[in-house]
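A short worksheet on the structure shown next.
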Amino acid sequence: MAKGAKIALAGEGGQGVQSVAMIITEAAYEDGREALYIPNFGVEQRGGVSVAYVQISDEPIGSPKFKTADIVIALSDRAVRRTQRYVGDKTIFVYDADIEGVEDDLPKNAAKVLAIPAIKVAKDELHPRVFNIVIMGAVIGATGVVDVDRAKQAIEKKLGYKFEKDPKLRELNFKALERGMELVKEEL
Amino acid sequence: MAKGAKIALAGEGGQGVQSVAMIITEAAYEDGREALYIPNFGVEQRGGVSVAYVQISDEPIGSPKFKTADIVIALSDRAVRRTQRYVGDKTIFVYDADIEGVEDDLPKNAAKVLAIPAIKVAKDELHPRVFNIVIMGAVIGATGVVDVDRAKQAIEKKLGYKFEKDPKLRELNFKALERGMELVKEEL
Amino acid sequence: MSSPWKPVTYENGKGIFHLFTNLCKGCGLCVEKCPVNTIGWSKKLGVYGTPAVEPGHGEKDCIACGICELVCPDCAIKIEKVKDKKEA
Amino acid sequence: MSSPWKPVTYENGKGIFHLFTNLCKGCGLCVEKCPVNTIGWSKKLGVYGTPAVEPGHGEKDCIACGICELVCPDCAIKIEKVKDKKEA
Amino acid sequence: MADKPIEGEKRVFMTGNEVVAWAALAAGAEIMYGYPITPQNEIMHYWTRLAPKYGRKFLQTEDEISAGFTTIGGVLAGRRAFTATSGPGNTLMQEPMSMAEMMRIPVVQVVTQRGGPSTATVIYSQQEVTMTCFGGNGEGARIVYSTSTHQELFDYTIKAFNTAWKYRFPTHILGDGYQSKMRESLTMYDPASRGIEMVPTEPYVAKGGVPGIDRDPNHLRNTYNTEDELYDVVMGIMSDWEKYAPEIAEYQEFDAEDAEVLIVAHGVVTRAVQAAVKELRAQGKKVGHFRPVTLRPLAEEQLRKRAENAKVVLVVESAYGQLCKIIANSLYGLTTPIKKVLKPGVGVTAEEVVEEVSKLL
Amino acid sequence: MADKPIEGEKRVFMTGNEVVAWAALAAGAEIMYGYPITPQNEIMHYWTRLAPKYGRKFLQTEDEISAGFTTIGGVLAGRRAFTATSGPGNTLMQEPMSMAEMMRIPVVQVVTQRGGPSTATVIYSQQEVTMTCFGGNGEGARIVYSTSTHQELFDYTIKAFNTAWKYRFPTHILGDGYQSKMRESLTMYDPASRGIEMVPTEPYVAKGGVPGIDRDPNHLRNTYNTEDELYDVVMGIMSDWEKYAPEIAEYQEFDAEDAEVLIVAHGVVTRAVQAAVKELRAQGKKVGHFRPVTLRPLAEEQLRKRAENAKVVLVVESAYGQLCKIIANSLYGLTTPIKKVLKPGVGVTAEEVVEEVSKLL
Amino acid sequence: MSVAPKMPKCWRPETKAHKFCPGCGHGLVLKALGEAIDELGIQERTVFGCDIGCSLLAWDFFNIDTVQTHHGRTTPVITGIKRANEDVIGIAYMGDGGGYAIGSQHLVNAATRNEKITVILVNNTNYGMTGGQMAPTTLPNQKTETSPYGRDVEATGNPTQGPEMVAAITPDTAYVARGTVANVRQLKKFMKRALENQISGNGFSFVEVLSGCPTNWRTNAAETWKFIEETMPQYFKIGEIKVPGEKKEG
Amino acid sequence: MSVAPKMPKCWRPETKAHKFCPGCGHGLVLKALGEAIDELGIQERTVFGCDIGCSLLAWDFFNIDTVQTHHGRTTPVITGIKRANEDVIGIAYMGDGGGYAIGSQHLVNAATRNEKITVILVNNTNYGMTGGQMAPTTLPNQKTETSPYGRDVEATGNPTQGPEMVAAITPDTAYVARGTVANVRQLKKFMKRALENQISGNGFSFVEVLSGCPTNWRTNAAETWKFIEETMPQYFKIGEIKVPGEKKEG
């Protein structure tokens, strides 16, 4: 995939998709690229699916939302259903392999549909709390929209104050990022 | 003057121009004619000049207000000044002969400018309270827009309840009406 | 700056009653409040062409108490006490 | 009409604790209010994918007082007293 | 309690505000909600005097926002409910009117235009056209009758209740201070005596039966959670709007067919224009007049036909181009030049119209 | 207390609401008055955090009516004062805005459009165009900048204070929920560092000196007693308006010169249109774009020139024809057909625009 | 030397006779206010705001910078000015309709926020400017244009007790009183105290004034006085209701 | 037979789990209200109105005809319905922002007019729906999104005492109380009494409820309870404030 991308990231409230979007776009911005990120919002968000729309490009970015994403990442059953509308025939659709009961809801028209074991990897290999960083890795792996080092800098900027207290956390996060990238590359 | 007329009646708050307009238009209405009456109004009316715009015609009446009146009747110095704008070269301008200090303010462009001693006649011959009926007579005399008998019926309708108590009042009012008609006819 | 309002002035020894016709609206509030009932309707007309007021209509004379001045919403009355006389 | 919510049921002799996972939002209000501190986080997930609650986490057993039912803003808990036993 | 406010027909001479009160009574309006404002006040004055005699109700609210929302409440309860306001009160009422527009609540609002912007004058203007047709954060799914005579005030006030309840769009009688305050004659009547059937009303809430058992509850909302939900709702409203617009639109023509100068004017200004056209025709001049009765929807096709054949369209209004915008927008594509006589806040007389037309010929 | 909020230039990545707060600080705005509403809230959130650091003030009022009237008060006191709102809040603010229009009070109002009519959605739309330009019982003597990027949000928020105080018309930044909530990059700067001089402010009341002795008192009113008085006032305002409109109007063109399809769009929609034009030009299609930056006044002459030469004008907007009415009205007399893509309450993407244009070619 | 009327110094002579009706209480209220301003020496710093309602007729009344605004909106306009320039002494002058009906959210919230402004509200038991409709303060059974058969308290409630409400929602630093045009000297004292409370930065101040509207009441002078002095006080208690750190005058 | 949750009968099961946040007090308020409606047997006659604010999330909450309206406008909508159909039991459900700020003119005037409706106002000391701004009820020094350094009472006033204000302006036939979600049984009693006051045609009824907003308070369950049970009552007194013809429960 090229250096620009339209990404729809969707999950449950607690899964941290908005902070993933935030870190990725900040990384791209720091990289001197055009980046645009807009969350969904509405009056009934409590418990609703949280969607982050991210665009990164070398050119000025058009509409903040888009019809069809280059990559969709869905982290819950409801997110799988909600994000179908952003799938076109060039879209890579990524979902977590642990999500149950969505077999019939997976998009039929996507370029690729990938199941990655992000929840499992985070839980078993790393720590459940870095689940969203694994996802961030997956996004970067799938799109190449930001450089890994930039991504690490952005994580550092966001979580640096925590890393100072517990340097092991840094390692854990960076590991998560890399594992995420690997997960998706294995599948691509 | 024809059977239709545009009349601007102006005076001080207590002089009763609105009730004159009311009775005349009701008389015309009862006569089966087209009649339209609109008072002026605004936020600073207290103590302002009271103007009544009256139109009577055999045809549907256009705009409720008009640029130029067929007859203007002004009952105070301020009313003389205020009503100048309604005077055109076909306008008959009537004012009370007792008004002082308006010599320079009388319209120059009117067809006729008549001073009638309405206040004096009402005070000396009749009763100050029927001053407005004298004026009503003057309007009818000048325009012929309503039949005298109709006018009397209209007065009867409006003041009948008073006349019942004191039949002399009826006579006084009808007298006032006739005197008003005479006053203006003398001048015309 | 001289006042644009010329008073009509009434004097009775105890006080001077100034009435500014261009301010008096003839509301009658003062008439009702005069403790000696001396205020009544004048032949002079007020600002709206209705009768203004004047003292001298009651059985008693104006005592220059100033109540009429106080209650006039239009500041149409000014009362001057003629106190100097006695004091002097 | 059968209920669209299937409870997870816990019984301890004194009472029955029903937890409707599709209603429980995992807010923890019940946890704080249980007088015997028996409510804790369950492995079962609630309606928002966060842990639901269950009794049996404290030193004492549920006494079927019904407070948790009362304070749950989502009606996710139903307590049945097993009173018949003794009375019978 | 008296039976019918008006039996059969009755010729009368009264102010426009009184006419509206009688018309609402005759239409079977059951409750009025209102807040005082000049020149609307006497509608309430007459209503409060008359209503109790016919078992009708009145509530004076704390402001026009409340008057609008209580009127919505009255309609939701299934009543023929109405309100009346003007100028800054109409500005405030855009909040409830936008809700009525969104939820298709058939409120009837009488507007007696006064001078604007702001508090301006209590007298007269045609400066509430844009606001009454398109006010608030909406798309103008509203029906607006602009009256010109007391007879029309009577006729269209009655009709407004029927249009509102038939199509379920908020419906507005756009009068003005002149019409409110002037007296002229008209014939009042019991609608039934002329074969006018009042469209039945229907409650939106408290419809009877236990919701959830006997029927579904009625859950009315004006707030949506996603863009797509909203899009569907708005497009649904607007497609109904487009569908019904042609049958709702009303207009009048005066010597328009062969007019070289086509004068467009609405409301009370049409009276001056009609008189001017008569005079100009008498002078042999090919002048005609197109008068939209409904400003929203506009009788676009009919207007277009006349404007197409004219040499010039002259828009005359007591505002600074509010009617003109509607007209130019509807006539887009034609090349007939549009001239304007704009008199914000002041009346227009036949003489002035004659003078202006004479300049064009 | 910190000195200048921004020294020199600074590249940042933030939400539009944060941009507005910084821009107002940079412009020397001294006080904000506001009432919460989505999607405007974060302007206040950032302002309340930042303002005290620079000696600026804030008042949260009881509603938008109050927010608007207190803002007027702030301006009367001679301050660069502003407010921000959206949707139903903007509807309510039409009351104070009509007073500002009438009395030429240079308030600055930021509008972050959300879905309409009524409460509708808290998200996005372009459905506040008619209201922001022409709301209330007035004639639209208001200046409206419709922004499309965070950079413009910054630039025009600063500019709005200058335009307002220079011409003394209420001035509006018309943004939307997307712009409010999205993050993108921009360059913030101290206006002085770019040679932008802030137009000085001046008190309307408490001007110093004893009125009646040292100077005449300033007696400000918005209510007139006669129709003629009002007519003169309104015509005075509108003649100033007509006079300054050409120098206030701003626009942008993209491949418009030889465009056969001329797309007209404003605000955030222009982004999609610009992208679409690029793509269509790459396909060799003669498509161009005219983007009004000011919706009020409109750059009529410039638009006309382009529309005249086009084969078709395509208006694209996230509303049901609000921009289109302004455009058709301004282009009256041309015969170039106008087509519409109307998407009330939802975003428009470049793909959609490309698709729609392709249907026309 | 010619005799001049005894007008407060801050009145603007050029606009007198003022625009109020004959016998209107507004003139008395503004006399008390004008004298209070004179005595406090604050003419230069004062900004006077008036509502629409008959208070609008005071738009050119004083030699004081004045802003006339919309119905009920004087409170926020003066609040906005005061918040932007604390040196100003801000007076919001309004009627009972403007204060208790259409502007009540502003009154209640300005009072709650303890805004450092002075609100003077003229209670004439009706909507004067619009021709005499029922106001929140209309007395039980009083006839008005919208209560033509007399105010029915069962259907429309009892007269609003404004100062009592304001007192209930303001902190101890607020000043609240109800005066009457029947006692102009006392009224002036209340006005002065209200303004002093603002000058000292203490807090909100509010004076309701019982006032006459002979035009809409359709009363002659005797009846006007009777209504003000005898009838109104049956429903509205005259006196100071809240005085910061002092005992009230009842 | 399967076990069903113990929801009030008038709740609409199809829309549960409801839309409020985890731990939100609105759920408890509506439980108390639902049970009160059940016990009074008025489900069929009741019309429920909700404001925008988090109360909007109850627009499909009950098996009761419901209308969701604008911010602050629930009171006039329900008033309008009740005036048009007196058989209806009208409930206006709103937040502290909707009732005490933008809708305060409606609350004050409906109370003064003694409208025969029931207003239930959820006091969560902030504007919940819009993400936690300062409300009229925000506590001194409480941090919100628009009082990021804590509410400064000198500049913005003290928390509105709503029921006390309503009690001050209503006649003796009104019912006024303040309950709390920390005492659902008492709250239900207050709700019932409020509704009974409407059913009997007595007069206005008003219940403010102290309620939790863990989302904007950013509190966990323990902190939420603590804020509701310990902190809020320091400023807001729980109990009945006005009970027609009966003694209050304090």
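Just so it is clear, A, B, C, D, E, F, G and H label the chains in written order, and each chain counts residues from 1 on its own.
Please note the rule applied: contacts are C-beta pairs under 8 Å (C-beta built on N, C-alpha and C of every residue); 3 or more make two chains touch, one makes a residue touch a chain.
Keep in mind the model is a prediction, meaning the values are calculated, not measured.
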item	value
Chain E and chain A - chains in contact with each	F, H
Between E-H and B-C, the pair with more C-beta contacts	E-H
Distance from chain D to chain B - Cα centre to Cα centre, in angstrom	89
Distance from the mean Cα position of chain G to that of chain D, given in whole angstrom	60
Distance between chain centroids, defined by C-alpha means - chain B, chain F (Å)	54
Overlap residues in chain G, where contacts from two or more other chains coincide	17, 20-22, 24, 52, 56, 70, 101-102, 104-105, 108-109, 129, 136, 156
Two or more partner chains touched - positions in chain F	38, 62-63, 88, 95, 99, 118-119, 121, 123, 222-226, 347
In chain A, residues with contacts to at least two other chains	42-44, 47
Chain-chain contacts as defined at top	A-D, A-E, A-F, A-H, B-C, B-E, B-F, B-G, C-G, D-H, E-F, E-G, E-H, F-G, F-H, G-H
Contacting residues of chain H [partner chain A, same complex]	17, 19-22, 24, 52, 56-57, 129, 215
In the complex, chain A residues that touch chain F	22, 25-26, 29, 34-39, 41-43, 60-68
In the complex with chain G, residue positions of chain H that touch it	100-105, 108-109, 112-114, 136, 155-158, 160-161, 164-165, 168-169, 171
Touch list for chain B against partner chain G, complex	43-44, 46-47
Residues of chain D that touch chain A when the two form their complex	25, 47-50
